[in-house]
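Below is a structure I'd like to ask you about.
Order of writing sets the labels: A, B, C and D. Residues in every chain begin at 1.
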Amino acid sequence: MSDPSALDAVVDDLVVANHILAQQGVLDAWGHVSVRHPKNPDRYLLSRSRAPALVMAGDIMEFDLDSNPIDAKGRGLFLERFIHGETYRARPDVNAVVHSHSPAVIPFSVTDQPLRAILHNAAFLAEGCGCFDVRDAGLTQGLLITTNRQGAALARALGQRSVALIRGHGNLVVGEDIQRATHRALYTEINARQLAVTLSFGRPIKYLEPDEAQDPKRLADAWEVWKAAVEDVSRP
Amino acid sequence: MSDPSALDAVVDDLVVANHILAQQGVLDAWGHVSVRHPKNPDRYLLSRSRAPALVMAGDIMEFDLDSNPIDAKGRGLFLERFIHGETYRARPDVNAVVHSHSPAVIPFSVTDQPLRAILHNAAFLAEGCGCFDVRDAGLTQGLLITTNRQGAALARALGQRSVALIRGHGNLVVGEDIQRATHRALYTEINARQLAVTLSFGRPIKYLEPDEAQDPKRLADAWEVWKAAVEDVSRP
Amino acid sequence: MSDPSALDAVVDDLVVANHILAQQGVLDAWGHVSVRHPKNPDRYLLSRSRAPALVMAGDIMEFDLDSNPIDAKGRGLFLERFIHGETYRARPDVNAVVHSHSPAVIPFSVTDQPLRAILHNAAFLAEGCGCFDVRDAGLTQGLLITTNRQGAALARALGQRSVALIRGHGNLVVGEDIQRATHRALYTEINARQLAVTLSFGRPIKYLEPDEAQDPKRLADAWEVWKAAVEDVSRP
Amino acid sequence: MSDPSALDAVVDDLVVANHILAQQGVLDAWGHVSVRHPKNPDRYLLSRSRAPALVMAGDIMEFDLDSNPIDAKGRGLFLERFIHGETYRARPDVNAVVHSHSPAVIPFSVTDQPLRAILHNAAFLAEGCGCFDVRDAGLTQGLLITTNRQGAALARALGQRSVALIRGHGNLVVGEDIQRATHRALYTEINARQLAVTLSFGRPIKYLEPDEAQDPKRLADAWEVWKAAVEDVSRP
């Protein structure tokens, strides 16, 4: 990137996204967020192996789409980085990826109960979720996704959607930018919580219909307040 | 208003209401709170487009009942301000309006399970809730309410009640003053949470009967403690 | 009390109990806690009308068992103080009373689902709860308990137990001292939450049997940590 | 231990584990965490009787496997320390023990609903949980475990597993080190919460299969962020 300050801004947003999703309870000690490199679409940016709430700008590393680090400098790598590389390879429209163990999503991942949109803020779920079981791609280390082959299989399960559930593990959420991916990761969790309660009523449910879905408005306003809530933490 | 400090006090309460309902989890990054102008019943006060937790006195703008800004000064406007204008037009007794995505309310908005009062503090729900689906008024932008026609249809669904559910979106809560509207927005959420658990028992429920309902006592005491909880944030 | 510092210690504990139960989510803006006067069993101590989280030593007032204030000094009184006076009158063994809108208790108060002990820390519920509907004692102001006649009827429903549920309103919790009453108010809430989940399994439940109940150990240790959590607030 | 600073590090980790599990809501005012003495396998380290959130290095005491204190110095002892001594005696592979009243676990402890792993982070539950009712070992003080005989019976119910549920009381969680025991105590709670929701769907559940289980990766990263969250508290 010819303008280093532009890259700095991208890195800053990536750090903030880590902190926001940790504070909101979507990311536990293990999830991760990445962005595609703004100047080189065959590269992505992801933290060294570290809990999201603690990630700082200096932790951000660069990877190629095979998920090889460009300059590791001895830093630890996320075992599951292959999720990111294969998703960027399969989806040129995607510029940000979240992998989390989003707690309210797990019940949907281990049953055949579909996770569908009941809330307008989760309109991206109106198209449904991909469903992935790493067992179908061959186990390597438990339910972890630790190879490009497994990552590619997950990306196929995602298809053209925004979210794929990963059985007994969590989910994969993508967006055309970091703000959308963050919003979708958060509202996948919120919609899942609300749908679980709705299902308990045992009554017919009016899900969002495709023509009722739309891109969320005023994401910059949401980003402003989410960032304000973590800003004491996000300063290095 | 001839006494500018009186208007300042109204604006201060409006700012505090935004912060209270954000802190209590009723308002997310997108909801909004308004008050009717204390001197001009054909006007109302509402923040510029901004997340409720961050609203400050300088963000408050004045609108007419068609939801045109009086003096926008280039500030961004809430797309859904028409909810407020049309509610004030239809309900001369209403002086404060909350529109939220109150999380526990969503399950009731997408099923035919009635949201009724089981808690004395939610006595305003003893009269039931209006139910609104923007689809019935014609979609414009997803499930958002972006025109006076849609706002007026929602106000009709509200009728003379305190609360209307908005399908897949949230609710509309009104009160004769900002303290009552804030109280009702909060206790609609709390009553919804408690009713969901109650329904899970699968046993007959003793709802509040109309002669058991009453206006809540000591709202000023509640306001004092809610305000104290946000006061570090509410200072500009 | 001949030793004023001893009374001060009682008042301090009463203030702390208010703060603890507010912080733990048992008391909202309206509940109240009282203690019997340590030197005069025909008197009790209760805050002026104020949200529990904000109560300070200077707010504590003295009442007789008819719930007349001894020296009001113009301070506002809780409308429902009659709950306290009549409970102290009916139960000479009781020296502390909590009235709350404990959220998880409400579902049990509006159905015939019994609230029984499943957790050893809620062993005081092994004896069951009294159940009270103010309607049966005659309504005065909604579901509020605003007369000695209603308070006495509630005390009769309590009987010799530790807890009575109040339909659509909350509960009454008593103890031989402020630490036990605080503990019971908290663990009534916790046991209610856990029992609601347990009931959702639809399987037979092993409730605590009477010979398994016992007085909780190390209440002073619990009090120490609960107090530490509120101490910044509890300092006047 | 010849190197006193090595023992200090073990004690520091034990203090931090107490604070982490208290902050995460696994330990209330009463639970406890211990470690086997790093140099003497017939001894273990456990706090004096104190709420976990307040435990400091100076509170840590040494016990033999009969749970006699080596040098009590007049400090109060946990009534239930026998859980620890008998577990270390029965399980030479275990070097850390947590006893909690983990709230989401209680519903499973009072019904025959099995608590099994649905989340990869709770893979240690793939082997199932031991189930213990102190009644079967003879009651002494309510449902408390206050003798070596009761502690040994609990250790037998645990068997070679990582977790045993204790009816109406809580659970016992063990690990080969303090980080694993802390992780397992936390994820037993989280998996229990998620399984309760999953069960409410009334659909077939894909539990973790034994060949899908694995030891969690990057526990040091998790420990770093959990510790950071309590560090202001954990400094004596």
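Here is the rule we go by: a residue touches a chain if its C-beta (ideal position, glycine included) is under 8 Å from a C-beta of that chain, and two chains touch if they have at least 3 such contacts.
Note that this is a predicted model, so its numbers are computed, not measured.
**Q** In contact with chain A and with chain D at once: which chains are those? Just list them.
**A** Under the touch definition, chain A and chain D have no mutual neighbours whatsoever.
**Q** How would the chain A/chain B interface be labelled, same or different, where same requires over half of its residue numbers to be shared?
**A** different
**Q** Superimpose the Cα trace of chain B on the Cα trace of chain D, which carries the same sequence, then give the rotation angle to the nearest 5°.
**A** Chain B sits rotated relative to chain D by 180 degrees.
**Q** Using mean CA coordinates as chain centres, what's the gap between chain B and chain D in Å?
**A** The computed centroid separation for chain B versus chain D comes out at 46 Å.
**Q** Report the inter-centroid distance (CA atoms only) between chain C and chain D in whole Å.
**A** Comparing mean C-alpha positions, chain D is 32 Å from chain C.
**Q** Going through chain B residue by residue, note those that touch at least 2 other chains and give them in order.
**A** 200
**Q** Under the stated contact criterion, what part of chain C meets chain D in this complex?
**A** Those residues of chain C that touch chain D are 117-121, 123, 190, 193-195, 197-198, 200-201, 203-208, 211-214, 217-218, 221-222, 224-226, 228-229.
**Q** Give every residue of chain B touching chain A within the complex, in rising order.
**A** Checking each residue of chain B against chain A gives 28-30, 49-51, 53-54, 76, 79, 101, 103-104, 106-107, 110-113, 133, 135, 139, 141-144, 167-169, 196, 199-200.
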